[in-house]
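Pasting a structure here, questions to come.
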């Protein structure tokens, strides 16, 4: 379960620390373990301009959030959502899916985690927060325009 | 379980039918089976002058009530209560008590019933009603005197 | 019984050790299935294997046993959901159907209820309900000031629908009724009742305690809002029941019991709650009992619910036909197998039901006697109690014949024939 | 451990098949007993024998199986009552301790409550309660308008009793607290708390989920009003718990759930209720689970609760001593075996508890991680979660040593030592 890639992201997380400017900030909690993450999202012209975050939690939740930022920052919202879908599918696969490295990059290291239902929620915490924040940001822009 | 004595009392109950005069009338129900009995009691100078009853129910509840009237009518309240105690004890014995015929007369036929917990309540229905009514009658007289 | 619907009853019987028992020196004839069924080897072994090798508390651990236990428990939920045509998340495990119904009755009365009740509001039931689908509504009415109303019964033992539109009206917030009566055997017209409830915007709750064990049930197809049943009547152990509800409704209901597992964030000053089904499963759930219930669903599914139903129709017809031939014996409830389950209540003139039951037991025949937790039905038909025979997949025509013969012997013993 | 208190742990272990299992290729070291215990052969066989040969629904039948089942169920009640120094009729079977506590919380809020609650009234708990002894009181407070207050915790993990007289005061209607904390291990001073509650006329409810499995408990001697515990933590299956209450109090409480068995006379227009314990056991009870719980009481009684307690003190001391030697590892809760159960929560600096638990699992060691359904305790001590090891009669000194060694390996793996 504890692949080197996961440990690397855990020890040296990417894009960590809350940054300005942002459109939406959300705070998500995994009630079963107390893991928390605050995610800020900035969306411009359908592009995920920036994602920053802070949080506390286990290696899986922290590393997955770090991997997530790599996969979504600078991407079209729609493409980022495709990555999100792929990661979600991988996590629900109970170890039975061969992940696509082109889509998930470092995220493929989490294939083993999907065999541990108790840890799947950890891996999804940051992603869920990002998705929530992004949806709000997109909605905000629609309203504004 | 269905001793001849029980069947006899069931087919030809003693003292059945509500009679005057009486001091107290009570109505008891066994909620688990719907058996009902109405009992009237008349107590004079510490003697159970008369007990009459009406009711509907199974052979055990009807026969036990009939046997009860034989055992209490004309007896001192205290002696009748001794018979009641003896019958109660027999019913709680789970078939392990040798009943005393001097005290319980036809009541000894119910020894076998005590092995059937579901029927013990039937056997006690009339007795409980009588005890309740008698206690009320005695209390009434104390108040009056 | 057509051949495609047949199954090997003798093979099924071998799975139930108790059926080889003798009672008072006579082979056991078990006809008390409406009260509770026996459990086949396969169910007991599934539970035992789980408890001996994969047991742990669920939901809250990362260690291997707790993951295996959680997987088994949630897989059981999926199996049970499939068994009634439902989604995984819409199935709540309770300890019995009584808890499932009380869960709804309390949740509806709790702060935050999507259907708050008060004076002027009405709850509708029927006169044929089991106490478990009557008393919770009486208590809810008492707590909230709402009024309880009910549909009466016809002399034939069916629901009297002539005043349906009065009893279920604009003030009705909930209509709760049984799919099949445990005392009369009557199968109610669910679509007609649901249609009327929908017209007036009332929620529907169906008590499936006597239907799910005996016939195919698809809760989605029934169109009801809430549906409940109980494991011990369908080859599972005691201690497990099910509440099913439409997902949006379940997630709109406030919780019932508070405690571990049903929470989201707990602070001393107040808590937020998890989504269904966890929201309604406070504390350590009925883990191994749920696993056993899933095994029971698998067992019933393998035999086939259509086949079981067809088998019971044959036995019920034989019993009804047989009783019709017996002078001094009459049936309470529908006298044909039309829209009817396998529970047959009967009274023997001149012999109290308790004596009927006890005398049959002397012959090795187990039937239930009393009011069958449906006292208002006895009152409606003017009897203190009834004897009730109810067959299931492991009963045979020989069982029915033994009962019919037994009734004759009872009459003879009690001088009633 | 004195010789009179010793028992043969290796012989005991043979009764638990799962202990022979391997996890990730390592022998299982099961230290998650505070969450749930395993079940010995004797308990499973008692349940199986009952289900296979004597099963039926209880209380309502005259046939032989229903009498045997009723006898077994009521005998189980007597056994459980004796186990805690109680009378037969004062023992109510529930599905878990969570239901037992909710039963009281709902009954106290229902019409006819002997202790009606409203604005101005107070309910007191402690900050170390399991969610199951906290959320029901939050919900009761919300339903009634009463106020919930609580005793805080000292830095050492004990109840802070300095403001006991303020928190438990003339307005307090009920004081609910745990005898032993499932997260800190703390054993509370029951006599002191009961004495204060008596002074102000408040009822006391004690959560015995973590005491009854591990030490002799005599509810009469404790002087409390209500006491609850749960079967699955004391060698019984999931699906059974117990509420004990003083007889007069139980019979003064209105019912909780409505349904079969808990009634006296049922009419469509209203019902009257049976006495305790039936009043609180609506529907088909947890029959075979109660039989199994009685077998578990017999098993624990045969080993001896004093001996089990002495054994656990040895293991707990070894664990506390061992952790004290480990730099970067600290214990949440009392650091001695004085007034303390066997649950030991710890945190490893720099390693999240989830990672501690997962890494220990890789070594075959099962501990629980998370907030242990006592989130306010984690918040109080400023940790998101803890890892918790909790031993029971079948654990050995080798298990403790394996854990201590495992923690060192975990630190090494995560670069935290």
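When the chains are written out, they are named A, B, C and D in that same order, and each has its own residue count from 1.
By our rule, a contact is a pair of C-beta atoms (placed from the backbone, for glycine too) under 8 Å apart; a residue touches a chain by one contact, two chains touch by 3 or more.
Not measured: the values here are computed from a predicted model.
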Item to check | Path length in the contact graph (chain B to chain C, fewest steps) | outcome: 1
Checklist entry - Going by the contact rule set out at the top, which chains touch both chain B and chain D? => result C
Checklist outcome for this item: Higher number of C-beta pairs in contact (A-D or A-C) found for A-D
Item to check | Chain centre separation (chain A, chain B; CA means) in Å | outcome: 78
Checklist outcome for this item: Chain-centre distance (mean CA atoms) for chain A and chain D, in whole Å, is 38
Next on the checklist: How many angstrom lie between the centres of chain C and chain D, each centre taken as the mean Cα position?
Outcome noted: 31
Checklist outcome for this item: Separation of the C-alpha centres, chain A versus chain C, in whole Å, is 46
Checklist outcome for this item: Where chain B touches two or more other chains at once, the residues are 32, 116, 119
Checklist outcome for this item: Residues in chain D with touches to at least two other chains are numbered 60-62, 66, 263, 265, 354, 358, 369-370, 375
Checklist entry - Across the complex, what residues on chain C touch chain A? => result 59-62, 66-67, 70-71, 74, 263-265, 274
Next on the checklist: For the complex, give me every residue of chain C touching chain D.
Outcome noted: 17-18, 21, 23-24, 28, 30, 32, 35-36, 38-39, 44, 48, 51-53, 55-57, 60-66, 95-99, 101-102, 105-106, 110-111, 127, 130-136, 138-139, 142-143, 148, 150, 230, 232, 237-241, 255-263, 265-268, 270-271, 282-289, 354, 357-358, 360-361, 365-370, 372-373, 375-376, 379
Item to check | Residue ranges of chain C touching chain B (in the complex, touch as defined) | outcome: 352-355, 358-359, 362, 369-371, 375, 378, 384-385, 413-415
Checklist entry - Which residues of chain B touch chain C in the complex? => result 1-2, 11, 32-36, 56-60, 116, 119, 122
Item to check | Of chain B, residues touching chain D in the complex | outcome: 29, 31-32, 116-119
